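Shared between the two complexes below is subunit A, which pairs with subunit B and subunit C, respectively.
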Partner chain A sequence: MEIMKTLLAFIVLWPLVGFLVNGLGRNYFSKKRIAFYASEQIFASFIASIIVFILIKNNGAQGDITYFNFIHIGKLIIPFAFKIDQLSAIFLLIITGIGFLIHVYSAAYMQQEEQAHYGRYFSYLNLFIFSMLLLVLGANYVIMFIGWEGVGLCSYLLIGFWFKNDNYNYAAKKAFIMNRIGDLGFLLAIFWMIAKLGTANYSDVFSNVSQLSTTDITAITILLFIGAMGKSAQIPLYTWLPDAMAGPTPVSALIHAATMVTAGIYMVARSNVLYSLSEVAQNLVAITGLVTALFAATIAIKQNDIKKVLAYSTVSQLGYMFLGLGVGAYTGAVFHVMTHAFFKALLFLGAGSVIHAMHHEQDIRKMGGLKKYLPITHITFLIGCIAISGIPPFSGFFSKDEILAAAYAHNPVYWGIGVATAGLTAFYMFRLYATTFLGSFRGTPEQAHHLHESPSAMTIPLIILAILSVVGGLVGVPESLGGHHALHQFLSPVLLTEVKYETTHSTEYMLMGLSVAIAATAIVIAIVTYSKKPQISNSTGVGKLLENKWYIDELYDAIIVKPLGSLASFLKNVIEKSGIDAAVNGVGKLVNYSSRQLRLLQNGQVGGYILLMVLGMIVIVLIWVNDGYIYRFLMNLFFAK
Partner chain B sequence: MPIQYYIILSLALFCIGIVGVLVRRNAIIIFMCIELMLNAVNLLLVAFSKMQYNTAVIANKATTVGAEGQLFVFFIMVVAAAEVSVGLAIIVMMFRNTHSIDVNFLNRLKN
Partner chain C sequence: MNLSFLIILPLITAIIILFVKGLKQVRTVALAGSLLQLALVFNLLFQYLKERASNTAPMLFQYDYNWFDSLNIHYHVGVDGISVAMILLTSLVVVAGVLVSWAQETLSKEFFFLLIFLSLGAYGFFISLDLFTMFFFLEVAVIPKFLLIGIWGSGKKEYSAMKLALMLMGGSALIFVGLAGVYYYTFSNNQSFDLLAIAQANIPLLTQKIFFPFLFIGFGIFTALFPFHTWVPDGHSSAPTAASMFLAGISMKLGGYGCLRVATYLMPDAAHEYQWIIILLSTIGIIYGAFATMMQKDLKYINAYSSVSHTGFVLFGIGMLTRTSINGAVMQMVSHGLMTALFFAAIGMIYSRAHTRMVDQLGGMLKVMPFISTVFMIAGLTSLGLPGFSGFVAEMTVFMGSWQNADTMYRVATILACASIVVTAVYILRAAGQAIMGPVTNEQYNQLTDARWNEKFAAALLIIAIVVIGIAPFWLNDLIGSGTNTIMNKVLMILK
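On to the complex of A and B.
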């Protein structure tokens, strides 16, 4: 217990120290030292996380580890405490492990930045890891919320990292504001919980859940889910994620694919006790996830920016995870978080390697034939594509299959849409692959001349992630394929309300066969269509609709941004000018006017002054003479008790 | 004589003084009116001190009650004489400067 307390404190504090040192010393340290120090801090956390993981695996989870009382008001006590159990241990490994690889990758990718910006970049990355660890380790919703806001801040800072470009700043602001909308829901859920139960600790909330009425539970879970919608980019709050691709590519890999956006999944999985009691909320989660998965996949088909495709793919995969959560397959969702972290980080880093080689060209229409120039990137990217498409025995297959099987048992319609989405996923990923790596090079001769494989600091993380993408699924081999689903057993003490669907093995084989067949067909079609004749021109009809992302941004602009803008200008021009300003200026004018009138009394005529003096004396005498009556009357009037 | 007579006379003198100050513009007349008010008060002081002495002397032949009032009147007269000398000097200076003793002419306190 004591060891655990110390270890966890160090796991969290190392990245924070890294943030402070690199942030304050960015003007003094050399680039090499900055990169080494930042990566080494995360590596230390990673090693400690492995120890924590082994301890948890062998000894099981223990109670909360309290460091001090964070808030203590009356009966409300919110401790600064960590909860380390199987779920948070897995997230610890994902965050620090992939975080470390991405730090190493960034060291080479960001090499062209100036020294001060280089330091700023790595200090933000370390701060992000710190916040993310706080998010998954917190033993109550308040600590989780601190981490939740911290990762939002880092996301904002890193999306707008190249702050000289206005568009990037707009993207950063969009991400921040969209997240704030969700955060409001999260915050309200915390308040609701504290109002009803007087606590926000996970263990207390879950054990006292019987005190809550169904309405309370539904409201809390839906509000929590609104928070998850913002952070995990679900409809209707997803539009920030594609725009967040303005940030450096390793940031997209770390924050907007592997870790931060899965915070919503973590939160719902953590609150599974609450969600299992509210059918409404569960259905909402499942349907939102399903719709988002399909919707984002359709958009991804027609995008031409290599990172935008991956961004929509991330939104779509997050939808999958929420589908899993909604139908009660919590393990499946966490499993998919894990495998998705591997292959999506791999894909993003691969895309980063391509962008690096192409000198910051992101349009896939200007690429093509990169296979022979970037062999390692090509192979690893291909592995990522196969993994996300769900071809066995790559990792994506097992996690996706588990979610789909649960969806089928819950409602075959969910499964149908899920499989259609899986087909679309395979199609757009291999469209991306074929357009980028196959065919002939379509860029300028100058770009062709400079094409080169990335340095080893970038390719080694790619290779490690590729290996993980291949074998990562083996921790969750289902029984029907002769495994015993190690992850499922590992997580079962946390995910208490996991729904166990009884499906026969033959049904499972049929489902797997169907989804693999559909994915394989989509892959073949995509490769055949796009390797020889990639689509260069703009699309028409439905294609145009998809290329413009269903005009959702324009729709939001028309129904939310514009009315809000006109309301704001109405308040500014009418309410403020003729209301508030008029009142303030009116007081000033009144004083001015009345003093101008009073000034006339001072006419310099001594006789006038004496007259006033005499009148004043007469008044005073009258007040006295009246036996104090007027005096008492006035006193009562002004100082009545 | 009843005390009311003195009070009424004094009041009348005082009011004449006030009205004089208010309505007249000749500085010397105003000055005289101020003296009138001062002496109205003096009259009242003397009247009341005499009244108190008359009441107290019945009980005690050797009483000194009321003597303070008489004394005050002397002091006031002395101070008034000093005041008159200063005031008249001011009026003389004023006349030398403006060739007028009209107080409305002196309105530089304005604004």
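On to the complex of A and C.
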């Protein structure tokens, strides 16, 4: 227990220290030192995470590890505590392992930055890892929320890393604000829990679910899911993620693979006890995921920016994960998080390598034939494409298959849409692959002259990730294929398994065969279509609609941004200026006016003063003399009935 | 610990300032004085925590002296956790304010004299246990503001100074009526201004109903209660940097403290009776302030309107009348005081260099002055409630407490108030995006220098306080909780 407490503290503190040291010392350290230090901090956390993983694997999970009471008011106690179990142990490995590879890659990729900015970049990366670790290690929703917000901040800082470009700043701002809308839901869920149960600790909440009514559970889970929609880029809060491509490419890899977007999946998986009790929330999660998966895949087909295609594919794959969560395949979703982390990090870093070689050209229509110039990037990228398309025995196949099998058992329509999306995925990924790497080079001769394979700091992470993308699925081979699903067994203490959705082996074979056949067909069509004559002309009709991402950004602008802006200017100009402030100034003016009128009485003419004095004396006499007899007399005289 | 030192020390400092010559001597004396204040306050904090461990009396370190026998007015001082927290806030802001005014060339003697004098009023207000003495110190703290804005301000300073003074005086008048009511209609004979005695005696229901609005609105005006908030934007934006810091960091807290300590503590029945009005007005203030901020172009106006929104959380927390929400309200006072002082300091630093505060004229400050820009960003992030900074824990506590109030309408209000965090993010990031990031819009900005040592020191002091509260709020919880307990015991008696 004590060992665990220390280990976890170090896992979290190393990246934090890295952030502080590089952030404060960025003007004093050499680039080499900055990159080495930042990477080494994450590597240390990675080693410690492995030890934690082994301890958990051997000894099982332990109770919460409390460091101090974060908030303490009366009976309400929110401890600063960590929870380490099988689920968080797996996330630790993904975050620190992939995070480390991205650090190493960045050291070469960001080499052209000035020293101060280089330091700033690595300190942000460290902070990103720190926040994500806090998110998955927290033992209650408040600590999770702290990490959650920290991740949002880091994405803001890194998307807008090249802050001199206003478009990038806009993208950064958009990411943060969209996430904030989701955060609102998350916060309300926390308040709801605390008001009902007086605690936000996972263990206390889950063991006391019986005290919650169905309405409570549904409300809490839906509110939590709104948070997950923001962070994990689901409809309707997904538009920030494609724009987040403004950041340096390794950052995209970090956001899409190791950190940030998987947070929503983690949150729902962590709360699986609650979700299992609310059918409404589960259906909402499943349908949102399914619709997002299909919707994003259609957009990806028509994108010509190498990173945009990958971004929409992430949105789509996240949709798969939510589909898995919604149909009760929690392990499948976590499994897909893991394999997706491998191949998506690989694809993004591969894209970065291409962009590096092309001198920051990202339009795939201007690429082509890169196969012979970038051999390592080419082969690893191809592996990534096969893995994401779900071709066995690459990793993506197993995790996607598990989700689809559960979806089939839940509702065959879900499965149908899921498989169609898988076909689209294979199609757009190989469209991307064929346009970029096959055919002949379509860039300028100048660019062709400079084409080169990236340095080994960039290719080695690619190779490692490619290997993981190939073999990563083997931890979850289903029984029907002769495996025993090690991951499933490992996670079983944390994640509920929905036994009722078991299907027979023959059905499973049929489903697998069908989805692989569809994916393979899509691949062949894409390669045949795009390797020789890439589409360069602008599209029309539906194509144009897809190219413009269904005009969702424009729609949001028209129905949300503009009206709120008008409301704000109405409040400022009408209510504030002509209403409240006018009233305040009016009171001031009234006082001024009346004092000006009263001043006229003091006009310096003695006769007037004497007149007033006499009048005053008469009044006093009337009131006081003889107990006010005269006064009463006069009153009776004038007012008696 | 003798609390009167908190008044004597600024008084001595102010008197010495009158006798020294030149900016250098004046500012040295002011800094030494304010650092001594800070040391004294830290001493108070530790003494208080030590004493509190064994002593359960509501007010510690009491001292009582009858200074107007005929009206039974006492100089009666004492502190609980809430006052200690506010005193701590005051001393931090004073040091930071003196440091950012380091180059105050014009009429420096008078300027620093007024700053120190203002802090005297604030300390006196926070330690007073006699309502009349408290009112006296409140007025002491108002007058320097008028002069600071009117003489050293910028823009339409005469208008702003007058507006601020008149509105605050209006508030004071209401408070005075309320205090007189409490004085005459609590005890049938032996009338007294003694806070503890009145709290003990339970004010008659009718008196509460009549005079609570006077006190709550009166103090509310000080803390930008909607719709009496319009002095805030004009006052803050015309004031010189240190005065803005004092105004938002300390003065607005006098109002929140009064609403809690005087209005709610003494008249819990009325607070409960008028609860819906308080919550309605503060919710409107929170949302309204946030939206109004969105349209502002001047950095100071942005921070001033956002103060309207943020101090709305204070009144909102008080209005909800749960233990957690009231604790949150006090935390929000501390947090907002530090954050807004830091924000105004950063804006002042930018303004003194670029000579503009318009976001569309600024741009690329992060490249030109990274330190100041980072300070600005930290203040902004605190303002939008990012975890790790004090704003998050304070707002979170207010909302957690508000949600505990099971009334459906109040939950709706909580959701609305909570939604303001999205709007806050919009205006903060918009301002930061235009002024701090982006390309450098003006060639001349490339010549500008980054923060000097005094500015760095001032910013660091406030940032440390913000981060310490943000990471380890429990000590502040405990400190404040020892004070809110007394108030809550009285409130809970009513609710049952």
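Miscellaneous remarks
We adopt the following convention: the second predicted complex is superposed on the first by the 581 of 641 C-alpha atoms of A that agree within 3 Å, B and C clash if a C-alpha of one lies under 4 Å from a C-alpha of the other, contacts with A are read in each partner's own complex, and residues count from 1 in each chain.
We adopt the following convention: contacts are C-beta pairs under 8 Å (C-beta built on N, C-alpha and C of every residue); 3 or more make two chains touch, one makes a residue touch a chain.
Fair warning: this is a prediction, and the values are worked out from it, not measured in the lab.
Shared-chain residue A:N592: touches no atom of subunit B or subunit C.
Of the two partner chains placed by superposition, A:S440 touches none, neither subunit B nor subunit C. In the superposed model, A:I610 lies in contact with subunit B only, and not with subunit C.
When the two structures are aligned on the shared chain, A:Q602 is found in touch with subunit B, with no touch to subunit C.
When the shared chain is aligned, no partner comes close enough to touch A:S210: not subunit B, not subunit C.
Looking at the shared chain after the overlay, A:L571 reaches subunit C, while subunit B stays out of its contact range.
A count of residues in subunit A touched by subunit B and by subunit C gives the higher number to C. Common to the subunit B and subunit C contact sets on subunit A is no residue at all. The touching residues of subunit B, counted against subunit A in their complex, run 18, 21-23, 25, 103-104, 106-111. Taken in their complex, subunit A has these residues touching subunit C: 68-74, 76, 116, 142, 145-146, 149-150, 153, 156, 160, 163-166, 169-170, 172-173, 176-177, 180-181, 183-184, 187-188, 190-192, 194-195, 564-565, 567-569, 571-573, 575-576, 580-581, 584, 588.
Within the complex, the subunit C residues that touch subunit A are 162-163, 166-167, 227, 229-231, 288, 291-292, 294-296, 323-324, 327, 364, 366-367, 370, 381, 386-388, 392-393, 396-397, 399-404, 406, 414-415, 418-419, 421-422, 425-426, 429-430, 433, 436-440, 472-474, 477-478, 481.
Contacts from subunit A toward subunit B in the complex involve residues 599, 602-607, 609-611, 614.
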